[in-house]
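I have a structure here, written as structure tokens, and I will follow up with some questions on it.
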Amino acid sequence: MDKPILRVVDIWKSYEDLQVLKGVSFELGEGEVKVVFGPSGSGKSTLLRCINMLSPPDKGEVYIRGQNINAPEVNINAMRARIGMVFQHFNLFTHLKAIDNVSIGLRRVKGFSKEEARAKALEVLQSVRMEKWTDHYPAELSGGQQQRVGIARALAMDPDVILFDEPTSALDPELIGEVLQVMLDIAKAGTTMIVVTHEMGFARAVASEMIFLGDGVIMESGTPEHFFVSPKSERVKNFLRQLDILYGGHEKLLK
Amino acid sequence: MTDLPTLPEIIFYILRRGLYHTLLLTVLGLLIGFILGISLALMRVYGAKELAWFSSGYEKLFRGIPLIVLIYVFAFGLPDIFWYIDPLELRLGSVVLALSLRSAAYQSQIFRGAILSVTPGQTEAARALGMGGSQAFRHIVMPQALRLAVPSWSNEYAVVIKDSSFASAIGIIEMTQSAYFVSINFQEIWALSYLILAILYFLFTYPITRIFGERQSKKLKKFGMGGG
Amino acid sequence: MILQDRPNPIGELLIVLEYWDHIFSGFLLTMWLYGWALLMGFFLGLILANLRQYGGWFLSRIASGYVEFIRGTPLLAQLFFIYFLPSSLNIPVGDWKIETSFTILNKDITIILLNYRTLAGLLALGLNSAAYQAEYFRGAIMSVGTEQLMAAQSLGMSRIAGIRHIVLPQALRRVIPAWSNEAAYLPKYTVVVYFIGVKDLFSQAHHVVAFTFISLTTYILIAIIFIVTITLISKGLDILHKKTMIPGL
């Protein structure tokens, strides 16, 4: 890859005595969608938090457009503004209306004026089809609506890449579809994404590459066709079979 | 033998003579307690180990001393150090100091609880957007923590205004002292004057704690705040 | 007045400690008042909480009114009201007393266990503590929730039996942390009886000051005694709580 947006090099991370990540490396080009999946405890969430340095790795580097984001002279907050994150439990700011949730990053981090921020926030909320709910508080929104606002909040910052940490795992079944649809739309529009998820239908539709993370290392990686037609290891085969049993039906939710 | 004062006369007398100092002591005690209390809470939640330990020790100390004892410690200790200050001001200062230091210990707990109630995921999201730690605190945690603290804080207000009654022990002329003055001059209505005093305090505490207490708690729950 | 040199604080402390028998007798009386007030507050508070939660329209309002009024007024005012009530109503109180004496280390210690003043103080403290304890109990009862009571009634238990056998045992266990808080800090409030002439720890401190003219050190000593006592009670209740925990409660 000549000019990768994101380069993750040899990430190691341990908590207490447990070695969660043992040397993970990959690259991500512009517009690519990488889906990371694997058994729980394999370090998928940890990996995402190492990438945006919310939980800095013990060893390894992360490069955004060629810049090492953990270098001492670099302002980590400015770096984080270029990496978006969508959380499993939404993590919306409960004291702010939807529109303010989306605009606060623009105002406080990127220095937009109140009007500029509001205009941009409105635009982004429209793209996730939440323009009718701009003045609602998170407590007044369903899970699916909250997550869409969460995606809007990340999108508004115009990040180089957006990290998705199991964005639909905490949603009731009938709400998953609306969120997956939004993710599908932005993927098709060219957003660079890393998505940790079990939604194989989504992966099949838009993933440029899929990574199976097990025991802290990348066990297998390849295109969706590779995984669904002829995966190499037994472990991956079994895992995919389990996923299909649990989540197979969700593909019908996507248009 | 003089006529006994009427009910309105007693009420007006207590208020006219004593309300000023009662309110002065309460406001000063709460205000200084607030500044000190928030600092202690921040020390305990975000501070280094030594600061957190100090804050915790402070709380234990000033929650374990009876207020009246604290007042006497200052009332007898301060004149030696501040011999040049007018005695009345020293007595007022002793009470304000005692009230503030005690209130700070309780307010520290209140704010610490409120800060911890804000779900940590929101701080994570704020940092993921690129906000620094203090930015995240200022814009995300503190606005919510202050709102969450309102019910407990209204309770603390009630405590401090009641505690101000101990100022009467060292001769400060506030409401309780005024009631005492009525009772020693008109001994037939000893008990009545204290009943009236109690009702006056009640009028200052109950409406506030009712409005900003449980009712506020329920309103906050509706907003989904304070689930952490 | 020239800034006076503080004489040696250790020396002062030793002089004050010569009156250890006064201080000790005051401490014992404080603990005596504390124990009875806590007990009274416990039973009355429990009754009040039950009335508020399960009493009819009338009883629950009376209980609520009592609790809100006591909690909204100063303990000092309540104390004075109770103390002066008989004389205001021209009821004689008499000069009776029940006391106990014993000798320790060649010093005679006499403690008045009960007389009019002590009784008034005890009542005021007990009635006051009951209101605060009632709040804790009510919170605990509410946290148990109504579903279990419904289940008990569906089994055929009467409402009262359901409250007694299902709600209260759980409520009483849930209330332990909050109750321990009240129990540990109640000794602090007993000092208020000084104002009606009961010879508690604080009152004895004044005696010692009158004899020795050493004021600051004496009051600091009293403060330390309170802190230590409260910390011990608090830790003790903590240990008790840990020993009697039930998982999931």
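Which chain is which? They are A, B and C, in the order written, and residues in each are numbered from 1.
Methods note: a residue touches a chain if its C-beta (ideal position, glycine included) is under 8 Å from a C-beta of that chain, and two chains touch if they have at least 3 such contacts.
The structure displayed is predicted, hence computed values, not measured ones.
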If every chain is a node and every touching pair an edge, decide which shape results: line, ring, star, complete or other.
line
Quick one: which pair of chains has the most contacts?
B-C
Determine the centre-to-centre distance between chain B and chain C, using the mean Cα coordinates as centres, and give it in whole Å.
21
Averaging C-alpha coordinates per chain, one finds the centres of chain A and chain B separated by a number of Å equal to 47
For chain A and chain C, what's the span in angstrom between their mean Cα positions?
57
Chain A touches at least 2 other chains through residues none
Taking the touch rule as given, give the residues of chain A at its contact with chain B in the complex, in rising order.
52, 54, 77-85, 87, 89-95, 104-105, 108-110, 137-139, 150, 153, 157
In the complex, the residues of chain B that touch chain C are 60-61, 63-70, 72-73, 76-77, 80-81, 83, 158, 162-163, 165-166, 168-169, 176, 179-180, 183, 187-192, 194-195, 197-199, 201-202, 205-206, 209
Using the touch definition up top, name the residues of chain C that touch chain B in the complex.
1, 3-4, 6, 68-69, 71-78, 80-81, 84-85, 87-89, 185, 188-189, 191-192, 194-195, 202, 205, 215-216, 219-220, 222-223, 226-227, 230-231
Chain A touches which residues of chain B in the complex?
119, 121-122, 124-132, 135, 139-140, 143-144, 147, 222-225
